Amino acid sequence: MTRILQSDKLDNCVARWREAGLTVIGPVKNESSSSYAAVEKAAEFDFSLIMPDRSIKELFFPQTEPMLHYTIKKQRIDTSDFTPPPEKRIIFGARPCDASGLAIDDPLFGWDYKDNFWFQRRDTTVIVTIACTKADDFCMCTSLKLAPDSTKGSDVLLRPLQNNKGWQVEELTDRGRDAFNEIADLLQDGSGPAAPTAVVAEKFNLDACVAWLQNPENFESTFWREISMRCIGCASCTFLCPTCHCFDFQDEGDTYSGIRRKNWDSCSFALFTMHTSGHNPRATQSARWRQRIMHKFNYFPGKFNVNSCSGCGRCSRQCPVDMGITETLQAISTLPS
Amino acid sequence: MTIQETYKARVKKLLASGTVKMVIGYKPGTTADRRRPHFIRTPEEADQLVLDSACITNLSGYLLSEGLLSDEKAVAIFLKPDGIRSINILAAEAQLNSEQILILGFDSNDNQVTALEGEKVEEFTTLIESIKEQAPEALKNPLLEQIEGMTPKERFAFWQGEFSRCIKCYACRQACPMCYCRRCIVDCNQPQWVNTSSHTLGNFEWNIVRAFHLSGRCVGCGNCDRACPVNIPLRLINAKMAQEVLGAFDHFSGMSHTQEPVLASFKKDDSETFIL
Amino acid sequence: MNEIFEPKIVAFVCTYCTYAGADLAGTSRLKYAPNVRIVRLPCTGRISPMFILKALQKGADGVLISGCHPGDCHFTHGNYHARRRWMVFRALLEFTGIPSERVKYSWISAAEGGKFADLMNSITEDIRKLGPFDQYNALIKETEAPATF
Amino acid sequence: MKIVARHDEAPGVKTMRVEFQNPTDLELFKQRYRTGMFGLYGVYGEGESTFCVASPETRNEYIEFTFRQSGRVTSALANADIGDVITFRGPYGNRFPIEQFYGKNLIFVSGGIALPPTRSVIWSCLDQREKFGKITIVYGARTVADLVYKHELDEWGKRDDIDLVLTVDPGGETPDWKHRVGFVPTVLEQAAPSPENCIAVICGPPIMIKFTLISLKKLGFDESNVYTTLENRMKCGVGKCGRCNVGSIYVCKEGPVFTAAEVSRMPQADL
């Protein structure tokens, strides 16, 4: 039987979860920018956003994170590791594309060496996704074989009611069930009609694109230079992307003590691959853009069997020069494979 | 004929006659209000050209794309007055030869696009002089004045709040026509002056350094401000510095292609009231 | 709570004038506040604003930049260039909320040992009154803290 | 790890020998380390840099590594002295399948600062010399001064069970240079090793590898008998951070040792 969470009960839910020791996080907009942030009251949520400017990634893989602290003394060096905060969290109102982005990155952080910084956060976070009822010109989840109501990566999926006064609750995992048992008495039995999910037009034929990308002959196609000519080489697409996961280590400190940090890094920076000798395997911006597309739709699925793109469209939405995955793959769809 | 059509015809002519090897302009973007940079190399490609009030990006940074100007062939580029000023600065700082640049000037006011007379950068001097005269008024901004009215503590808190959002994607730097350094100061690590991590301290330092490097050079095109994915009001800090150099040294950036950079020149009687 | 706040002040000075002035202060047995750490550079023209930021980053409560009087520069006009740079950088720091009381500029010649000693005392006193740079220190603290999310 | 010896090889190039301070770490290293693997050497406060382990698996009581001083980390390493402590993370990556080389002739080709990875294979083989056939080493550098491991080159030159061919680029020779002058691929072709029952191990700057592969092909070598190591820029060493990617390969995980056949399947423009 379906249960309903009414909007006016949400504030009670937030309070109840907070009492239970959970940090409640959700889409929040301030004057100029939006992100997933911690809230104290339900009124702080803004569910009217298509999606927050910044992806959910930063809650699991922060832009900068201390890894270890060192102190250097005479004849000895002491180090102590940082660990992610142990607090349990609930993210209420994630978008399905953001939630799937996390699921996409799980195998990457899990293969070979299991990255505790990622998985401890994954294990202590409940993700409550709200299906999208509206989309904009940049949304492209359907082109990635996902949907505005995908359940991938979510613990609970909520479908907005047609009357806009609540959500149908669809519990998907034990973790999600536990979190909603906490507030079981605030839920109602029964099911109102759900609002229709957003219509997201299919923007390109993924299979055709992947086939083109997999053809080694196309690696040095002039297409890459043409499509990336206006790329200015910033990292806003990669940093806002819910699945881009490249990082860098930086030591900050002096010869007595300091901290080694893990920072986001981006394949679109020229220095990303630069060798000591000055040789740069990806010396041009077009080679770097090609790497990004190839990595997402050819290399990553070759290794982990899933495309490294969840179709949120942030790369195109926020690009200073209106580039992005959509445009590139649309252009590829029209090329003969 | 609309201005767009006039320019389209002119672009086709320029390319067909071989006067220029490329025209940098605008074409339609993903949504109705977006325009994309468009690199036109054949008359046919000019069909996509758009020129309207949504064309706001300053395209001059593309002139420094590696190899573009090295063959000494001419390139035409659509520029608003701020873009023309950035050409002057780039020429003054020896980053390009302004002889190679053919300017297709335009300006837009109240959704109306007007053409600007002239092709070579020198021909716009009178225009830029009139902009300079209006600058003290034009640089005014209510939020800027509000910040100036704050106590240092409040100002610090204001910028701390803004900079805490920075993700160090360097879109501001990459979008800026004036940020052409082969190796930016944040990428230099011996020593590492600025923290590359994007904690608030690192962000604070980065944004101060960038604002300083743009002092007296920024033309106020707003590329950085629009590029910022987290909407930090970068334009304010640059406008403030522009006001400062205008007031202190009567320097208005991009006046001519021979203008001395403000921080690479001096007058013996520069103000020094603050020096003990 | 009666502990007196001892500010840490970094002075970037040119070797030809201010450093010689500091030397003179020393050889003249002038006593001045021990809160100042002097970094000697060839010329004020070499003092990049980066140095000021680095000093703040490492927890300085105040910064002093000092060199030859205009016209006295060993390299003829290094200090003229520096003067412009300071003017602009000072405005920038003020606009971003780093109080100008914390970053001071001065001309001290090789003969002005007395001025050097007096200035060190007065700057130390001024910054002691201001107290530690709490806002900046909070940012520094934040970099050492574990992730909150 | 503690630095127990350091040696200047060439201008800006140093070799360090480091020993584990903790016996359990040493045991782990002995269990895991095989010739060809690399590690991340670091100095706290500066960062980490990736170099191969230049000492062979047959001498796994210590680690030797050779590097050129050029950036922040390598400068800090270069300034470290005997007795100083540096960090080591590893060993990571795959290995040279040395037991598959048993009974075969070997030719080592390397250039400049790329001798260290080859050197660890050379010593692995020399320490069990009887298991291999003829061993030829072709090594070149830009100038005589840029040759690394000069003392070992002397030693190898004196041994009669090694055929050592040294060369420097034209213009890099000194008046008393007795060996060859010319680029490595050319000298290799002159030396003309027989591809019969022979394994080639090559390492050098990308441009040298490119032309050496062409030369080896000319000499009749099969791509699957040619081994090389791809020393890409790395940060994490565990297949996450993304910068060592060449095509779908994480060089730090699936490399750095590849056969020329594997390399030829990678996107050439991204090498």
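Which chain is which? They are A, B, C and D, in the order written, and residues in each are numbered from 1.
As a working rule, a contact is a pair of C-beta atoms (placed from the backbone, for glycine too) under 8 Å apart; a residue touches a chain by one contact, two chains touch by 3 or more.
Note that this is a predicted model, so its numbers are computed, not measured.
Following the contact convention of this document, C, D is the list of chains adjacent to both chain A and chain B.
A separation of 50 Å divides the Cα centre of chain C from that of chain D.
Taking each chain's centre as the mean of its C-alpha atoms, chain A lies 45 Å from chain C. Between the CA-based centres of chain A and chain D the separation comes to 40 Å, rounded to the whole angstrom. With touch defined as above, residues shared between interfaces to two or more other chains in chain A number as follows: 248, 250, 252, 254.
For chain D, residues touching at least two other chains, in rising order: 71. With touch defined as above, residues shared between interfaces to two or more other chains in chain C number as follows: 143. Applying the touch criterion to all chain pairs gives A-B, A-C, A-D, B-C, B-D. Contacts from chain B toward chain C in the complex involve residues 147-148, 150, 152-160, 185, 191, 193-195, 197, 199-202, 204-205, 207-209, 211-212, 215-216, 237, 240-241, 244-245, 248-249, 262-268, 270-272, 274-276.
On the chain A side of its complex with chain D, the touching residues are 70, 72, 77, 79, 108-109, 111-113, 115, 216, 219-220, 245-251, 253-255, 258, 260, 265, 267, 272-277, 279, 281-282, 287, 291, 294-295, 298-300, 302-303. Looking at the complex, you find that chain A touches chain B at residues 32-33, 35, 53-54, 63-64, 137-138, 229-230, 232-236, 238-240, 248, 250, 252, 261, 263-264, 266, 269, 271, 284, 316, 318, 320-324, 326-327. Within the complex, the chain B residues that touch chain D are 189-190, 192. Residues 29-31, 34-37, 39, 57, 61-62, 66, 165, 167-171, 173-175, 187, 195-199, 202, 223, 226-227, 229-233 of chain B are the ones touching chain A in the complex.
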